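Here come two complexes built around subunit A, the first alongside subunit B, the second alongside subunit C.
Let's turn to the complex of A and B:
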């Protein structure tokens, strides 16, 4: 339909009605549509680009990291009776077992056995920590020491790399020779999931860092969640609106944006220097990260509480509920999905945090898993950081494998959040 | 809803429990050894910690942090007590000013233990033409792009007319090796920075500077020889025109086959290395807080383990630690037994 009503400009003169069919007008309309399309494609491009980055990251990580869950093992004949002077199984039981094992000079035993079976080689065949595995197996099953045994021990990282992706010419030659003798096998590297940090990539494991992360997150959530939610409830439901609460609101918003390293310095000064808490401990890491996470939870909590319709509060008050009953029976359950989402975002940030933990000493080399909250420990991202810094090439795949573990940890945390959110979600 | 409130309060109670535990363990004693310091010593200390922890029943693994020498000594000197580290690793000697800080903070008795040498020597067969090089000459002969320019030198005479007219051929460690790192850091970097333009580049573009200064040519003049230094010694013995880069201790052990090449006019000997005169090497130290011996279980055992591991056949040698000569090792072991304190006068010379 063509609009034919006369038009007037401000000064009263008549103008011709808009001609929607004129070539000029058509061009303008086409331009507007084109702009619309361009914007749509730009947005789509942005999504595709970020998806491509994510796909690339996952591809590289999984490509590099999957081999970290496997290890190459080589067979070794160990003539225990001859090499240990006929030590009996009884000596390896009871309270002095570890001392006996230490006195056997297992590093020497293993190197003699290697020399006897394979002679002098250009690259080492076994990982330098192979003797520790022998020691562990002997302590688990002392009867082994009374006979000649064929043991499958982890290969050196040169050989391991040669078996997985191709290594130096010497290592390839050695590997071919070993394969010809049927002395090589590839197995699932269970010690990667159950072990702790080690000098030798074949022995290094993620368990102690995983446990450290778990404990740190536990402290963080136990501290940050209740305090954050209570603060949000008070500010939304009880606090008078005045200059002081405005100031508090601005401070909380600012705190949420403070770089994490500053919380690390705070943790160093307050928890370590003033309160004399133990260095490198999960509890201090958790406290520091809780400080960082709390403002995020408060902000998310306030928004969630704000979005609960006032009619619900009024209806509850109307049928005689006390204010505290209103809050705990109605407002909080309805706001909980939003609060949980905010908490998980904060926790995910805390889980991936490295900088503040470096400052409170959680970057130490700790070859045993932490036994409690005050034991020295490290966390997954710091472990990744430490391994990425290692000279030994065997740590490259360990780094990627550790990243996979960290991503899985994060995914399961998010899955839990989504589950909880859906469980508590109410529609009105 | 009640259940949720109960869960929250249980959480808070649990946290309170944690804090109690924390304050007692923080203020009381500590059952693990705390070690801080140099990243150069870190890999050696890691290996020793591992070995120490599995050495006997009931030993707790030491906690080891790589903070850099300066940062480590600062923490070490902060005071006495379970909140401060027991051992500081150092890739240089403690400064007199640092010792003064220590003493001011009550850390009056500090034992110094030399654990070995981090460094490399350039050597050649005793039958070859005598070389004497400067850092800048070594850099120009081996860099992938000397001072950012194309590498054209084929013979040593191309680098400097005073050098013998024989092809450049150097056996050395691969890029995964700590010895290679030391070679790049101690020799090539310095030779590179001798050029004022490169020193200026360091200010403007550090990455570019590091690439120009430490990338080694890959056209065959520098031959990577795996981690086996003995193999390099043997090859040098049979090829008198070649030079080799390897751990100092191997050179000393094969003095009948190879001789050290003077760099900047200094021949590598124990004395020149220990005094720091020879550019290719530096001794490594650990500092032990004597007040903690007897209070922190196993501290002395750990230090003894470190000294015994630092021998020529010890497990630190494959990791790149150069063993001290026998008399110096005997002195280090005696220092550990007696826990000799250092004073400012000892550090000053």
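Let's turn to the complex of A and C:
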């Protein structure tokens, strides 16, 4: 039923009642519904599009990268007693084991064994680092040296490519011959996770870059988190609101938007040239990234601190808490989840950063994992950048595999952040 | 006028009932108590260039509840907050004049603000328990001031404070629950217990019932009755019935000045000032 009682305007004259059923009104309602629907579909479309991009990225990365965690292995018969002049197991035990192993000329032993078994080949069968694996296995189990052994050793890069995706004609021919003799298998490439950068993709590993990233992040978080949080607390809780603090606020906001390569130049000038700190070191990388991360933490921290209700501050002040007690007993615990979220966003950005680290020399070829903060090291994104630049096709899958490792690193960092945030979150 | 008169009489009756015997003790001269707990003389408060309080002088005794009434924006809350220096937290606020607690100038540089606020507790308009357990809410003050020497003593302070705030029976079996999970009225009593726990001499209440329903309000008012005599209590309220019910003395503020201060029964039955009469009869405000 439509209400048809007459209405009155302010001055008392009658007006016609609103006709909610008129064609104009219906058209208006239809338009409103259409607008709501359009908006909903647009939003859904945006979500689906980004999900599709993400799915495509993951598909490509995993598709390319998974084979990087595998390697082709070829069987090799090594007649140790004949080739090593009958060295006993006892010589390979005790403190002098390494010296003995070095005196055995294992590279020579391996090449003799290869030639004896497979003869002269057009492409090398084994990775040039195969003898290192033989050495490692001998040191682990000296008894091996007293008998003839069949060892599975990593294939050369050419053969590996041929096995995985098809390589040169010679490599394909060799592979077919080896397969016919049942001398090829696919194994888990543990040396990719434990090894360091190498010129031979069959030997290249991610561990030194991973360790470098870990150490760099450690330096960054140790510096940027406390300094950023203290700056945020001071600016929000203590600093008088005047022109100077306004200026500082604007500067911090601008600093957060400065391109990262400029922080790299800053690090180069300040840390390397003025303070003469070691080039390529994790500590310099960490310092540079800390400079870059600090403004992000300050901004996130200030927002989190601002969102703590003032009534809590008043309550604490009202029963005689000193300003520092108000901050550390009430404001900081309530702001911590927000601060942590901001910190992790900053850290994630720092973890993926390449440009500033190139400028402070972290793009060097580092064949050994860094032992300390001042040792030359590289980081995951730089390693990815370096490998993507290599001519050797064997590095393509390594690059993708390294990206997977980097993404997993990021994912675990975010998981930690979510865990910490839930842990510290106060339920109201 | 008849309406006004009826209303007036009603308020006066409430006030008389509530005074009881205490009424006889209250001197009729408002300013200049023999032994004031708080004594303010010539107080001016400025927010930047704007003057919020103009030349207010008032004494608060130990043995009675003082109500501040007045229309919104008249400065009663501002004045209340000068009594424990909560206005210090507002950078542009400036206080002039002389406010003494037991004869000690609270704005002198020698006064320790933290200690002052422990001696002059405050209950706010909106219940604001900490997002911690009920126990921790009450124990927080004693902890930071080192009032308890051990767990047992702290337990005792918490129990005593909750009992005085009339909350013990409702929460004794769930002290570890969050204080924010209580109902609004319980939260406000928790805040009163929290203020009591540091053993203050004065309790300032800034419209403590404005966010509460009538039943919770009645409980708080009962509580104020029970606490009278143990603490000097100052309460800001918009509700004139409430002022009549809980206070023995009433101060009427208007546009930053103290218009009238006297026995609650007198203010409501026989106000000296025309403005007071207009306000309590509901002509404005």
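By our rule, the second predicted complex is superposed on the first by the 348 of 428 C-alpha atoms of A that agree within 3 Å, B and C clash if a C-alpha of one lies under 4 Å from a C-alpha of the other, contacts with A are read in each partner's own complex, and residues count from 1 in each chain.
Just so it is clear, a contact is a pair of C-beta atoms (placed from the backbone, for glycine too) under 8 Å apart; a residue touches a chain by one contact, two chains touch by 3 or more.
Since this is a predicted model, take the numbers as computed values, not measurements.
Trainee: Taking subunit A as the common reference, can subunit B and subunit C both be placed on it without clashing, or not? Answer clash or fit.
Mentor: Once subunit A is superposed (C-alpha atoms), there is room for both subunit B and subunit C without a clash.
Trainee: Touch test for A:281: subunit B only (first), subunit C only (second), both, or neither?
Mentor: first
Trainee: By the touch definition at the top of the document, which applies to A:191: first (subunit B), second (subunit C), both, or neither?
Mentor: Touch partners of A:191: none, neither subunit B nor subunit C.
Trainee: A:132 contacts which: subunit B (first), subunit C (second), both, neither?
Mentor: A:132: touches subunit B, not subunit C.
Trainee: Just subunit B (first), just subunit C (second), both, or neither: which does A:240 touch?
Mentor: A:240 contacts subunit C only, not subunit B.
Trainee: Going by the contact rule set out at the top, does A:314 touch subunit B (first), subunit C (second), both, or neither?
Mentor: second
Trainee: On the superposed three-chain arrangement, identify whether subunit B or subunit C touches more subunit A residues.
Mentor: Of subunit B and subunit C, the partner in contact with more residues of subunit A is B.
Trainee: Please compute the subunit B to subunit A to subunit C angle from C-alpha centroids in the superposed arrangement, rounded to the nearest 10 degrees.
Mentor: 150
Trainee: Taking the superposition as given, does A:363 touch the first partner, subunit B, the second, subunit C, both, or neither?
Mentor: Only subunit B is touched by A:363; subunit C is not.
Trainee: Quick one: is A:293 in contact with subunit B, with subunit C, with both, or with neither? Answer first, second, both or neither.
Mentor: Neither partner.
Trainee: Once superposed, minimum distance in angstrom between C-alpha atoms of subunit B and those of subunit C?
Mentor: Subunit B and subunit C, overlaid via chain A, are at closest 13 Å apart by C-alpha.
Trainee: Identify the residues of subunit A that lie in both the subunit B contact region and the subunit C contact region.
Mentor: 329
Trainee: For subunit C, which residues count as touching subunit A in their complex?
Mentor: Residues 84, 86, 89, 91, 114-118, 121-124, 126, 128-131, 140-141, 144-145, 178, 180, 191, 194-195, 197-198 of subunit C touch subunit A in their complex.
Trainee: Using the touch definition from the top, list the residues of subunit A that touch subunit B in their complex.
Mentor: My answer: residues 95-99, 102, 107, 122-123, 128-129, 132, 135, 168, 170, 198-199, 219, 222-223, 225-226, 272, 275-281, 283-284, 328-329, 332-333, 361, 363-368, 372-374, 376, 391-393.
Trainee: Spell out the part of subunit A that touches subunit C in their complex, as residue ranges.
Mentor: 240-241, 309, 311-322, 325, 329-330, 334, 426-428
Trainee: Going by the contact rule set out above, which residues of subunit B touch subunit A in the complex?
Mentor: Against subunit A, the touching part of subunit B is residues 1, 5, 8, 11-12, 14-15, 18-19, 21-23, 25-27, 30, 32, 34, 42-43, 45-47, 49-50, 53-58, 60-61, 63-66, 83, 176-178, 181, 226, 228, 315, 318-319.
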